[in-house]
Every structure is written in C-alpha cells, then in structure tokens.
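Before we start, here is the structure in question, set down as structure tokens.
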Amino acid sequence: MVQAINNALDIKLSEDKNIVVYGEDVGVAGGVFRVTEGLQKKYGAERVFDSPLAESAIVGTGLGMALAGLRPVVEMQFDGFSYPAFNQIISNVSRMHNRSRGKFNVPMVIRFPYGGGINAIEHHSESPEALYAHIPGLKVVVPSTPHDAKGLLISAIESDDPVIFMEPKRIYRAIKQEVNDEKFTIPIGKAKILTEGTDVTVVAFGAMIRECQRAMAMAEEAGISVELIDLRTIYPIDKETIKNSIQKTGRMVVVAEANQSFSVGSELIAIANEEAFLYLEAPPKRVMGFDTIVPLAQGEKYYMITPERIFYEIEKTINY
Amino acid sequence: MVQAINNALDIKLSEDKNIVVYGEDVGVAGGVFRVTEGLQKKYGAERVFDSPLAESAIVGTGLGMALAGLRPVVEMQFDGFSYPAFNQIISNVSRMHNRSRGKFNVPMVIRFPYGGGINAIEHHSESPEALYAHIPGLKVVVPSTPHDAKGLLISAIESDDPVIFMEPKRIYRAIKQEVNDEKFTIPIGKAKILTEGTDVTVVAFGAMIRECQRAMAMAEEAGISVELIDLRTIYPIDKETIKNSIQKTGRMVVVAEANQSFSVGSELIAIANEEAFLYLEAPPKRVMGFDTIVPLAQGEKYYMITPERIFYEIEKTINY
Amino acid sequence: MIFDEFNPSEDKILRVIDNDGEVIRPDLIPDLTDETVVKAYKTMLFERVADEMAISYQRQGRMFTYPSNKGHEAIHAAAGMIIGPDDWLVPAFREIGVMLAKGVTMKEIFLYYNGNEHGSNFKNAPRVLPVNVPIGTQLSHAVGIGYSIKYRKKNDIVFTFIGDGGTSEGDFSESLNFAGVWQVPVIFTIQNNQYAISVPVSTQTKSVNLAVKSIAFGIPGIKVDGNDFFAMYLAYREASEHARTGKGAVLIEALTYRSGAHTTSDDPSRYRTKEEEERWGLSDPMPRLKKFMERKGIWKEDEDSLRDQYKNEIDNQFLEAENFAPYSLDDVFGYMYTEMPEDLKKQKEEYEQFLTWKGSRR
Amino acid sequence: MIFDEFNPSEDKILRVIDNDGEVIRPDLIPDLTDETVVKAYKTMLFERVADEMAISYQRQGRMFTYPSNKGHEAIHAAAGMIIGPDDWLVPAFREIGVMLAKGVTMKEIFLYYNGNEHGSNFKNAPRVLPVNVPIGTQLSHAVGIGYSIKYRKKNDIVFTFIGDGGTSEGDFSESLNFAGVWQVPVIFTIQNNQYAISVPVSTQTKSVNLAVKSIAFGIPGIKVDGNDFFAMYLAYREASEHARTGKGAVLIEALTYRSGAHTTSDDPSRYRTKEEEERWGLSDPMPRLKKFMERKGIWKEDEDSLRDQYKNEIDNQFLEAENFAPYSLDDVFGYMYTEMPEDLKKQKEEYEQFLTWKGSRR
C-alpha cells in the first residue's frame, strides 16, 4: 500500500504543478513509513519538503496555499498527532468554503496513517474517523487495499473540498497486490460490495476488511452467507449501498477499531434504522474497540479485533 | 443559570482551598457571561484569575495543577474555542490516569458555554458534545436548568476524573428558577425522567429540554403521551433509564442541536437497538442539527430546532 | 533599515510626530504629497464614522454584535496605502480600514455583522480573506499564501493582523516560525491595543514588548507608535520593500489603544479606568494627524460636511445590506461543499417538507 | 548570574571544558569533590550501558521500539544532581538519566518499552510524570505544577524537557509564555540534539539559537554545551537557585547530538553523513569527562568491570520487567476512571464471554 500511495502522489505531482507535499520527515527521509520516498529527489524541495514540527501550522499553511490556488497534500505523522491541528481543521479548513460563500475552495488533502496492531507506543494507534466525520465540510476517506489507496488518493487530491485521508498503517506493507501503474480514480462517497451475500451485512473499512474476510471464511464454513461492504468513504457515507444490503439481509454487523461509543458504528446503526427499519431481523451490532484508550503493545491482543471475534458476533447476530 | 453556576463555584471555592478557577476574562471582569462575577474579589487573584489567551496552555496547566493536588476549574470562553485545547484534552487530560496506571488522578473541570440561538458570529454556537463523549477517559455533563447546573457542577468539581461541563448559553438567563442556596449534588451518569409518558420517549439535554417541553404541550393537546428524559450526562450515558423507557414506549425521538451524523443521537439509536430492539415499534428518530456549519444569525431560524419541528417528528414517529 | 535603528530588544519605539502633531523626527517623515496626507486623514475619518454608525445601528437593534475599530485608524490607513491590488489581506477582525482599502465594501461588512455569510464573499476584493474569529489561526493561512507567492516567483506580499492577546496563542508562534524558515513575504502586524477583552497586555506576556518576539523566529521586528500615521506608514513601506524583495517576513507591533468597548456586548468600565482612557485619548491618531495638517496649513476641508457625506454613503451601504436577499435554506446548505452530498440534499428536502406541514393533528 | 554573561542574543555558549577535557574557563569550574565528579561519570556510564542494552534487547526481539539516549548523558547527569527529592520531573521521552536520578527504575523503563503501562507508574518516584509522547504538550503540565508549588508557597521546583524539534510546536511557546507571566519555578531544558527524527534544527527555526526564544517570554535563557558536564551542572545550579528563590522560570538550551538513531525503527544514514556523526563524536560527553578526570588523576576505576557490573544490574532489571505479571483484561479496562462506569464493565464482561466461546457452529 505504501507503494501505491507513493505512486498516486507521484502521478499527481508530475501532472499538476500546483501540488505540493509536505509535513514532518516527508522530504529528505521520505516519511517515517517511506510513503513519500524518492519524491523530493524527483520533484525538488520546493514541492516535496520537510516542515517544522507543528501540525497546526502545517494544516494552517496548507489551507493558505489552497486558498491561493495550490493543492497541498500534507501529512500528519500519526493519527494521534493530527490533534494539534484539530482546531485548524474544524475551525477553518472545513469552513472556509462555506464561510466565504464559495468564493474560496479548499482543495487540500490531510493524510495520516491510522489504527493499531503494530505494537506502537501511545498515540500511535488511534482511529479518529468519527471525530473527523462529525465535522461538517470535510470528506473522510479510508482505503483498504493498495489499489483503493491509489484510486481514492488521486480522487482526494482532485477533490475541490478538503479530504481527510486515513491510511491503515497496519497493512501498509502487509497486503501485496499488483496495482496498475496508470492513473485511475475511485469515486469518493461510494462504498464497495466486496462479496455479495444474503444472511448478514458486514460493514467495515480500512485494516478491518482483511479481518472481516478472514471471519467470512469461518462464516462460510458455518454456512453463513455474508455480504461484505467496504465503506471506503466515511463521509459522505454511502447510505444507498448500506440500505440496499440491509434490506436484503436483514442483519448488520459493523466492524471497526475505533472506540465504539459515539462512533461510525453508532451512525451506521442509526442509518440501518432510518433506512431499513422494517427489514431488521436482529439488532445491528458493533464489533468495535472498547471505550478505552488503545492499550500499549501487550494489551493489543485484547483490544484489536480478531476474525474470531467478528465471526462470533456474526454468528450471534444470525442466531438472534 | 449563570447565578446557579456562580453559586456552585462559590460554595466549592469556600469549601476547598485546592480549587482554583481561571481562564480568559474570568477574573477581573467575571467572565464574558458574568459566570465568575465577584469570585476574584472574594477569593483573591491567586485562586480566581485571568490567564493569557491560549486554550491549550489553560488546559495543560490545569492538568499539571491537578496532578499536583489542586482541583482546577478552567473556562473555555466559548464552545468553538475549546478546540485549540483539543489535543491536550484527548492526548493528556483524558489519559493521564490510565497512562500512569492510576498513580495520578485528574480532578479537573473544563467548563464552557455551548449551543446556538443567541445570534452570535461563527464559532460561538457549537455543540461539540459528541467529540468529547467519544474520547475515552472523560465525563461529559450538560445541565438543563439552574438547579441541575449547580448540583451537577458541584459533582463535577468533586469528581476525581476530568469532566467536560457544557453550559447551555442560550438559557443562561432565560430560565428563572429558585435554587437552594445550600450545597447539594446531582450524580453524574444518571439521566432524569422529567415527565413520565407512555407513547414515545423523547431524549434531550441542555437547552433543548425547554424546546421539548414546549413540544410536549402540543403533543398533549394531540393526545400523545411523551416520556421526556433529560440525559444530564452524555458520558457515562445512562443506558438503563433509556432502555426502560423505550421498552415501555416502543418509540424514541432524540433532540439535540449538534450536527446529526456521528453524534449523540446516533449513539442513542445504537443504544435503543442494543437494549430494546424487540420493543421498537418505529425507527428511533433524530431531530438534530443539519450536517452543516451553524449559520450566522439570519440562518439560525432554519438551523435551530423549534418545538414545532419536535412535535412534527414526534407525531411522525407515532404515526409510523 | 528602520528595523535596525529601532531595535525592540532595547524597547525602542518608532515615532515621527508627537501627540500635538509636531514632527519629532524630521529625518523620518515620509515624503508624501499634501494631498496624500489629506487623503489618508479622510480614509481614517471614513473608518471612524463607519464605526460610529455601526455601533449606532447595533444600538438601534438593526445589527448584531460589532467590534469597534476606533483608535486603530492610523494603522489601517497606513497599511491601506501600502497594500497593492495583487497583495493579499488576511485579517483578524479589527481591520475594517484595511479591508476597505482592498475593495471590501461597508455593505459587505454590515451584511456580515447582520448575520449573513454573504458579507464575507467580498465581490471586489478577491485577495481578502473573511474575518477570522478563532484567535491566531489566520496567521498560518497568511504564511501558506506567502509560500504560494514564493513558489510562483511573484512579488506580491501578504498583510496579516493579530491582537496583543492573540500573541499568546500557539498559532502565533508556529506561524511566525514557519514564516522565518520559509522566508515568505508576509507582514505580520500586532495591533497592540492594550487589551484582550478585559485582559491587559501585562497579563499576556512578560516579554519587554511584543515586537521582540520576532527574535524567537529570526525575522526583523519593530515597535511602532500605532497612533502615528507617519510612523506606521514608514514601517509598512520598509516592511513591504523587505518582503517584496525576497527577504522574508517582518513583525510590526503597532502600539495603540482600543478606544471603544471590545464589542457592543462589552462594558470596559468593569476593567479599566476613565483616567486611563483619557490618557490614551491624548494620542488618538485622528486629532494628532489633524494637528499636523493644521500646523502645515494643508487641512482645508470642512470635517462636519465630510462627516455628513460619509454618513450618507455609509447609510446607503447599510440599507443595501439590510435589503439584501432574505436568508434562504439554500444559504444554510448550499455552500458546505463544492457539490452538495446526497445526505445534505435529503436533510434539506425533509426540512422543506416540514415547512409545508400545518400541524395535522391539531 | 551566568545567564547574564552568556547572552543568547549574542549567540554565546557556556562551556567550561573542551573536547579534550581541558578546562577552558577555570573561573567557572564548579567546586565539586573528586568523588562527586567520578560519581557523575558513573551515572553517565550507567545510562549509556542501559541504552546499549535496551537497543540490544530490542534487536533480540525482546522489546519494542526504543529511543536511544546516547549522547545526552551529561545533561541528564547534571540535572540529576541538582533535582531534589521533592522537585518534580516532567519528561519528554529522552531523559532516562534524569528519571533514574529521581528514583525511576530501569525495570519500569523496560516495562514501558515492552508495551505495558505499568512501566509508567513509577513506584519510587511520586513526582515524576510518565513519558510524554505528543511533542510539546508536557511543558504546560510543568507550568501547572509550578503554579501549584507557588500557590502553596513551597520552594520545590520543576524540571521539564523538550527537544529542538519540539520548540516549533505552539505548546512550547504557550507554556513558556505562561511560565513568564505566572513566574513559576520551572526549569525548561531544550535538548538540542540537532535533529527531530530526520529534520535538522536549521529547518525548525531561523532564530540564531534556541535559547534566544526565552526573550519572547521574558525569562532568562542560556545556551550551554550540553556535552560538557560542568557547564550543564553550572547552568542547572544557577537555574535552580533562580527558580527556588521565587524568581521564576528559565530556559536552558543544551547543545548536544543524538548519537544514535531516533529510535530503533530509524535509520539515520538516510539523512545525515558519517562525517557529521564523527565530527560530533569528538565532543561526546563521556570521553570528554573521562579525559578531564584522567588529567586530574581522579579516575581510578576499571571501566570494563564497571560496565559488567552495570550490565548485570540492568539485565536483572530487564528480567524483572520481562517477568512482570502478564497483561490482563483488567489492565485494559481498570484504569480509565477512578471508578469503572457500568458501560465499561459490560464491555469487559461481553469480551470475557467471547473468550469462553469455543466456536459453537464449527
């Protein structure tokens, strides 16, 4: 996935002089996960560069650039370090278009690796998608495969609205996939049905897709037909796809790493009720992170969601 | 309500030397809403004081004080200006107890006025309860009456865990109520059934309670029996009370000002499903703010939730 | 460079005329034509009249909360004379004079304080950002714009403003630090009007002054008498030369006084004395420049009739704002994204349905 | 006061011995007994050995990512000698030596980097905060603690640390500014080790040095050779006197070099040269102090056997950390609040139920 993201940046940098890429360690070193490797060499230090260590200013300057016609792609080094920029994001980035009555667009991407499962210390395992999805004016995108990462990132960079682009760091290098070298895009705002099924709808995104697929293998053995939906975009959320699926299966299980309360899982249950109430045969279920801080490495075995746990909850939902 | 909050601070300041109260304009001027009026005079500028204009440091220093045995009550001047402190809140305030394995407590209150309806400019009408409720390690409290504001604030100050205390500025002076001058507390984590009813459960909090009560008058006329629940605490949310009520009425309408997606309303619908699925006779409904930025004064007539709109949705839920 | 002579470390202040309009540094008086000076005074007068009228509209209940600009006119007039048509303005919220200079209209300003976002869509001022309310956050926008200018090898510059209180915010330091490292053409002005609402600058910081904070970011800084039009003009002229020639950012502390209340909702008598207000009143930028012109015999206008003329003009602008198209539901939903997502369309439709409802069961 | 002589505006640096351990400012050499100096060296040696072992445990796959402290020992030893039992330590994450001086154990440090929060509950060091990861946010905690000390009229002080990169964060400036205004007993140390991961300090700021940033906050600042134990000791002694006697905060920039990688996950060869590393190697604080002692003839120990002794001790600590009680579900849920909310109890119960499940349908 790292390579696919790098390739997406490469394609856009070569195509559009207005694109600049910066953040902490993204220039000379090519990023702590090597996502921007080689890009400074190729495009020069005016277009791909290291900034001082200050997330609020990274995002705030990015907004300024966007207002002046550039298309910045900024990196927050980790999920937990997007928070110093939270005020800029919620107070300005998401609002400038509306505040100026459309006089200014904000074509800007804020990318960061997210999620747990890499034995990291505190603040390096966060899944803040609900925080950003709750903010009106943003788009929030999470890819689950190298292919999607590339297509969605290109769409994000081409979007005239600000996009929060969350990269599942756990599968940065774990999933091998041949990705077409050419330019292609994947639309923001559309979920993808990965597998069709009839008994239960499983909605997930990012690194959890892989875990869901493993759980599906178990479910299949148990004779349960799962429809697996990769949300791809958290906001604007694709209610249509979710609705159609639940109307077909009557059941939903949401799988996500984030703290479960006041989360994307909560929203999906609300959507299930609003869009498919009469079809529901069992309460939609969240298989999500506890409402605790993501534990340090030793505790992740409890916190991180396993295929077993997903299967267990699928089964419970089926047997409701 | 302003007076009741002032009184709560007064009582605690006089009772406990470890309490300090500070923030922007809270000292000499007594707060932009006069909530802290007279307290600096009474308790001195070491205990009630103006800080420099920097929310992150206000909260961060408060955390430091709490770790060293004080019990700070800090003010963010408005909802929208709590965001510069977001990183301190999510990364440290909410985590220090867990991070230190209970070695350090964080007895600290972060208060701010919230909500719309006062014809304010941008950033002065925000309802960020979902953002804070999603953060593990915090308690989030919202009073709806002067009496509750006093009792809940005293509990918040006495809590050994950090509390986000959101004050409905729209009714700071709108609701008149005699409040007992003595010290009393109201437990955090317990909702209150304001009116018992049988047809539909309405869950709300803060300034929306008054609007719900007005809607209830209409509902009564229409022969609908509403059970009105004041959440009082957003987290830890009182699932028991909600569950019991929905199991009785079979219907729920959530009323809140915040942007509706990924919100407290979403969570309440999830709770309704998890706790009372088989009792639900209609899809639980959110009557909440649009997923837009709260408009400037002229647009608030659309954005702010009226009793009519609440009644309209209650009726629709009843007729489902 | 003037920045070298007036070293903020030594707490020097750049001042050209005194409170009586007498020239105290003849070597520094900018060579402006008499007409230009008179014109500067008139723009200041216009701003002051506009400010008085805004307050009065607010008092009449025809406008919402408004933050007075009274006392800041010299800063604004000077900046307004230096800022070019292709330069950018990134305001805080107390720079009406500079906004007007860039082509923003009083109608737009009134519309904004009347509670309508259309007041921030400055039709004749493409390079002016909307008023920025979250203190300090605007400065990094200015730096980003500065970067884009540098990136494109243009020689436009960016003017941005902040208050004394705002210097305490982390965003202030981050932005100036970025500006130093990136060497971008941004002129930062601190309007040090002594107060952040009720909090005096002595509670904001223990640095000897605010200009000296520039040292922390490796950019030039200067403390200027912000009530002295000539001093401000000189500072801006030099700053602009510096920035326009690729030498990077500068920080100007303009020492002034917020003569009015923080906003129309504020009551300064709660936290400051009449004596203090009177003392600062002596250096009010307007009588000061007027006295200068009178000494020089170049002031020949009738201020009262000018005032009347401005009042008229401003009132027309206000009426236009008052008669602006009524706020519509589209105004709530229509500008959230460049294209409205399905979800918002649906929320809007549902609300429209509600609007057609007559209360069936009643 | 030493802070006056070494004015950071003039980019002076406090240095007492040179790289060869020769005294270059005899007037400034602190009057420490020979034993004390030897002891200081030994604590530095202990820290270095611990660091080497940590890296080797990590390489063996017995520990997770670890940030090396190599090169920072003189700063830590000096701070460790001045910090008193009732003083507070608010660390960033590269101050192991100071933590040890305050009573934190290597076992706890290993436990933390082994991925267990119990490693942050320092049993013998009540006034040491856990390692702070979000850069810069720890400084305001130190200021708040300083306020509480002042409020209670105690004369304890607070030591807090940040890196060169961290000075760019808004929290850095906000905190130092508050410290200036509140005049609290806090010693801020910037460990300027030249890099923030891969980013050199020249990309962080254009200020002439980092100590000079103190001017922006009205507190004394000094740039010190952080590889010179005596210079650091002197700076801390004066800073501590200053803070302890109610004169408020000070800022110390300790110039050093991160001799190792940023963490065990980092590869510095991607962004810096061998030559640079070798050049800085010449001022490594340990041979430097050793040479001083040898010149003076006060070094009589056998370093190899000391190393062995320390290795043994450290390995025992590591084994204790490795054999710490296995991480339990209670460790996930049990410390979120002072009392566990119902909701968390239920989440825990449900998970426990899942753990008992054997996969019924399979």
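Labels A, B, C and D are assigned to the chains in the order they are written; within every chain, residues are numbered from 1.
One rule holds in what follows: contacts are C-beta pairs under 8 Å (C-beta built on N, C-alpha and C of every residue); 3 or more make two chains touch, one makes a residue touch a chain.
Quantities reported herein were computed from a predicted structural model and do not represent experimental measurements.
Asks: Let me check something: if the centre of a chain is the mean of its CA atoms, which chain is farthest from subunit C?
Replies: D
Asks: Taking each chain's centre as its mean C-alpha position, how far apart are subunit A and subunit B in Å?
Replies: Centre separation, subunit A to subunit B: 30 Å.
Asks: Could you give the separation in Å between the centres of subunit B and subunit D, each centre being the mean of its C-alpha atoms?
Replies: Those two chain centres are 40 Å apart.
Asks: Distance between subunit A and subunit D based on Cα centroids, please, to the nearest Å.
Replies: Distance between chain centres: 35 Å.
Asks: Let me have the rounded angstrom distance from the C-alpha centre of subunit C over to the C-alpha centre of subunit D, please.
Replies: Distance between chain centres, rounded to whole Å: 44 Å.
Asks: Which residues belonging to subunit B are in contact with no fewer than two other chains?
Replies: As it turns out, subunit B has residues touching two or more other chains at 51-52, 54, 56-57, 80, 83-84, 87, 91, 98-99, 122-123, 136-137, 235, 237, 261, 290-293.
Asks: Quick check on subunit D: which residues sit in contact with 2+ other chains?
Replies: 117, 134, 168-171, 174, 177, 181, 203-205, 336, 343
Asks: Among line, ring, star, complete and other, which best matches the way these chains touch?
Replies: complete
Asks: Give the list of subunit B residues in touch with subunit A in this complex.
Replies: 80, 83-84, 86-87, 90-91, 94-95, 98-99, 122-123, 130-131, 133-137, 235, 237, 259, 261-267, 269-270, 272-274, 277, 280, 282-286, 290-293
Asks: Under the definition above, what is the set of subunit C residues touching subunit D in their complex?
Replies: So the residues of subunit C in touch with subunit D come to 9, 168-174, 177, 180-181, 183, 203-208, 212-213, 215-219.
Asks: Per the contact definition, I'd like the list of subunit D residues that touch subunit A in the complex.
Replies: 64-65, 112-117, 133-135, 165-166, 168-171, 196-199, 203-205, 265-266, 270-271, 327, 329, 331-333, 336, 343-344, 347-348, 351, 354, 357, 359-362
Asks: Within the complex, which stretch of subunit B touches subunit C?
Replies: 24-25, 28-30, 32, 50-57, 80-81, 83-84, 119-124, 218, 221-223, 260-261, 290-293, 295-303, 308-309, 311-312, 315
Asks: For the complex, which residues does subunit A have touching subunit C?
Replies: 20, 46, 51-52, 54, 56-57, 59-70, 72, 87-88, 91-92, 96-105, 136-137, 139, 160-161, 189, 235-237, 239-240
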